[in-house]
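The following pair of complexes shares a single chain, chain A, combined with chain B in the former and chain C in the latter.
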Partner chain A sequence: MNYFALFNLTPSFEIDKAGLAATYQQLQKLTHPDKFATASERDKLIALQKNAQVNDGYQVLKTPLSRAEHMLELRGVELQHEQKTMQDGAFLMQQMEWREQLDDAQHADDPLSALESLDEDVAADIKRLLSELGALLEQSDDESNENAANLVRKLKFLFKLRHEIELKEDALSDF
Partner chain B sequence: MAYSEKVIDHYENPRNVGGFDKNDPSIATGMVGAPACGDVMKLQLKIGATGIIEDAKFKTYGCGSAIASSSLVTEWVKGKSIDDAVKISNTDIAEELALPPVKIHCSILAEDAIKAAVEDYKKKHL
Partner chain C sequence: MALLQIAEPGLSAAPHQRKLAVGIDLGTTNSLVATVRSGQAETLGDGNKQHLLPSVVKYAADSVIVGEQAKHDASLDPTNTIVSVKRFLGRSLSDIRRSYPDLPYDFDESNPNSPLLNVVGRQVNPVEVSSEILIALRLRAEQSLGEELSGAVVTVPAYFDDAQRQGTKDAAQLAGLKVLRLLNEPTAAAIAYGLDSAQEGVIAVYDLGGGTFDISILRLSKGVFEVLATGGDSALGGDDFDHAIVTYFRQQLGLEGTLSKRLHRVLLDKAKFAKESLSDEDSVTVEFTDDEQNERSLSLSRAAFEELIAGLVKNTLRACRRALKDSELEKDEVLEVVMVGGSTRVPCVREQVGAFFGRDPLTSIDPDKVVAIGASIQADILVGNKPDGEMLLLDVLPLSLGLETMGGLVEKVIHRNTTIPVAKAQEFTTFKDGQTAMMIHVLQGERELVDDCRSLAKFTLHGIPPMAAGAAHIRVTFQVDADGLLNVMAMEKSSGVQAEIQVKPSYGLDESQISDMLKASMQNATGDMQARMLKEQQVEAARVHEALQAALNADGAELLSAAEIETIQASLAVLDTAGKNDDIDAIKKAISAADAASQIFAEKRMDHSIKKALAGHTVDSI
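Let's turn to the complex of A and B:
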């Protein structure tokens, strides 16, 4: 399934978000089950499937990381997140340190500002990697694709970490 | 999802948590990560002159299965030669801990951590 084609877009990492949202609304309306209330069972089923594809496609395309993964899939690049372990020592060491900082933050004098400063560091790294990823995805040779896949793997660690920082922040603000 | 008793035991009482000085020549360090879930694992082995693993420590940021897998391998590798240690496979780990299919990648991570540590040791002792 090519979600870019479904949304009438050329596969690209940079997308027009407002345009994507507008197309989504349109396709949602066109395939909404309510419109097919009196249709045949077969047409109802087809509309339901299309509607599900539209929803899945929107989720995939609107988030930069899953959009990049989808582009690589369409190029036949196997990401194999389940099988492939990351072995980049320097990157993993940094991940370890950040996770230690996250653990230590709750014992800091001002836990919220400790978390905020950690979050800023992680966010800056995410921004840097996303822009590298965008540049790599403009190429489509094997080497660029492999490097892009590697960046996608790295970004997964960073987004997970950021999510954990948010959970900690929420827990602290719950007083 | 229900964890097996063995996973819960290792999770609640993890064995050999901590680390050694990675610059010590007898210490091998394996760092690995699982993109699927963002887990990060550090496994360190203290290796004697005859290539026997004398001690092992780990630090893992991840789910219960990842922590249990790394805790288990620190117990398994002690007393083994590095050549035997790299023969520990993810299926051995998954079987011992009764990991469900969605958690198999945690056992792959632990297997790869042993391999990465041994690789690090060989690089230090070329």
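Let's turn to the complex of A and C:
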């Protein structure tokens, strides 16, 4: 399924978010099962399946990381997240360092601000890698694709780390 | 199946004719029915102008009594009077026993997955009991509107899982209602306010009922209601306020040890009275007779009451904060706060919710009726009374769906708060050489361990061709419809041999149980079931014929070859003949054949309508 085509878009990492949301709403109005509440069972099922694609497509296109993955998938690049080992030593060192900071944060004088500062560092790195990813995806040769796939794998690490920081923050805060 | 959409064969309702549709709030304590009349949504009362129907069903030797009278009789005949049956929908016997250890009912032990209650002269299941409440509401609506209903929107708590939603839908079908949609209660409340004010922005719905608390964060934009997040606590409500007051009474008056059932009841009633009085008064005094026949009295100030419930209210605000976080919003981005449920009449609840969100909550619609009113507005739209209506309601999955993997862990396939309808597939493989079957266990919930989640279904995929471990590719597809109901398909695809199975939740009722119950209910009712089913099929045949002919006239020439049109026309001719005769099976076959002949055409039309609309959009934006 080519979600860019479903949303009438040219595949691209840069995307007009407001335009995407407007198209999404338009597609909802055309495909949502509520618009087929009095239709035949068969037509309801067709609407259900199409609407499920619209919902999935919107989620995939809305988020930069999944959008990049979808572009690579359409170009036939295999991502194999778990199976492939990370080769970049410096990146791995940085990860270990951040994970130590995460573990140590709860013993800091002010655990919440320690976590916030860590979160800012990770967020800055995510921003940097996303912009590199955008530049790579503008090319479509094998080498750029392979490098883009590597960046996607790295970004997955970083998003996971951010999620763990969030969980720690939740556990620490009053509510 | 549309039991109530009966017209003379071939005479379907004219398109411009207004159809009757209702919204039903099937509540734990009380239920309501509402409809839109002359553009105005309103709840419907009984002969005594009572709008709230107590959700109580009493079984007598030769009759079933629902509502106020049954509630009144509950203490006289507790075993045969089912109170708050909503708590049992989609639950196993052990679930029910664990959550409510002191129930006065006589459960049949032989069927633990689908609990049966022994009442006078028969056995009933929670779906049947719920359907009695829905029948009472349907009859009330038909009597006050003077016509049969075309359809109903039935509300469910946002937190209801698949089995509970399925149980609700089954109960509605059994009650002879065509379910247009199951709607989350907080969403219905937002609709009740949303249409009046036609605003755009983020809305929080705070729903504190008798026994449950729900918080929903919704976004309203260009007529689209999108549920961003839901949360809450299924065991927190106004009843807990009453219990907190009872505990206070007992501490203050030194009432220790076990109380008589009578005194416990009296104290709960007095607590409820005190709570309600304190909405208007600063202080209240209660009097009662204790088990030693002494007259006792005690006063409770509003300040003391507020202190008693402070922890409970704080728990609700904690859930609000989590829901905001899930929807990635800050408090000040919330435009309106809607209050639902009788417990939101407590002033300190209103104040604290207002303080938390930094704005006065909306309370202009009766918080007991707001859900039914919203549901009736949605029903009016879905049944087609507002063909130009722009409003569309998007909903999310309340609880994650997943599969059991090695070591009793759950792998999530669809995360909670995903917009529905949704379909997701996950691939698995065999772990032994020559393995020919695989057990698939479907679960719902947020926790990691199988034992902490709700088991929805278990089935075995047989017929996997024997091959080396890890060589088979089993694709498991979850499909959730707009009502939040799940279908699971599993398929082995590497060898080209396909096996597929569809499941229904293990706590729901299977198709044959439902159809048996329907048959039984229709045999009890007057009228000839055979004739009714025939008419129904004839109407359906006419509807399919008309819709397909209209589709051919509109898009046939553009999308199909002459030969393809001819095939569909041939199936229409067969359908036309079958629809004029009285062989039910032949009509069903002709409908299926027409569906099959036009399947690709229907898919093409859907794609075509999308392309056309989006092409227009592109031109517009240039």
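What we mean here is this: the second predicted complex is superposed on the first by the 174 of 175 C-alpha atoms of A that agree within 3 Å, B and C clash if a C-alpha of one lies under 4 Å from a C-alpha of the other, contacts with A are read in each partner's own complex, and residues count from 1 in each chain.
Keep this in mind: a contact is a pair of C-beta atoms (placed from the backbone, for glycine too) under 8 Å apart; a residue touches a chain by one contact, two chains touch by 3 or more.
Every value quoted in this text rests on a predicted model; they were computed, and no experiment measured them.
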item	value
Larger contact residue set on chain A - chain B or chain C	C
Chain B versus chain C as contact partner of A:Ile46, first or second or both or neither	second
Touched partner set for A:Met86, first chain B, second chain C, both or neither	first
Contacts of A:Thr10 with chain B and chain C, given as first, second, both or neither	neither
Contacts of A:Arg99 with chain B and chain C, given as first, second, both or neither	first
Shared contact residues on chain A - chain B and chain C	none
Interface residues, chain C side, partner chain A - complex	151, 180-181, 221-222, 224, 317-318, 321-322, 325, 381-384, 390, 392-394, 418-424, 479, 481-482, 540, 543-544, 547, 595, 599, 602-603, 606, 609-611, 613-615, 617-618, 621
Footprint of chain A on chain B - complex, ascending	31-38, 40, 42, 59, 61, 104-105, 108-109, 112, 116
Chain C-facing residues of chain A, complex	6-8, 19, 22-23, 25-35, 37-40, 42-43, 46-53, 55-56, 58-59, 170, 175
Of chain A, residues touching chain B in the complex	79, 81-87, 89, 91-93, 95-96, 99, 152-154, 156-157, 159-161
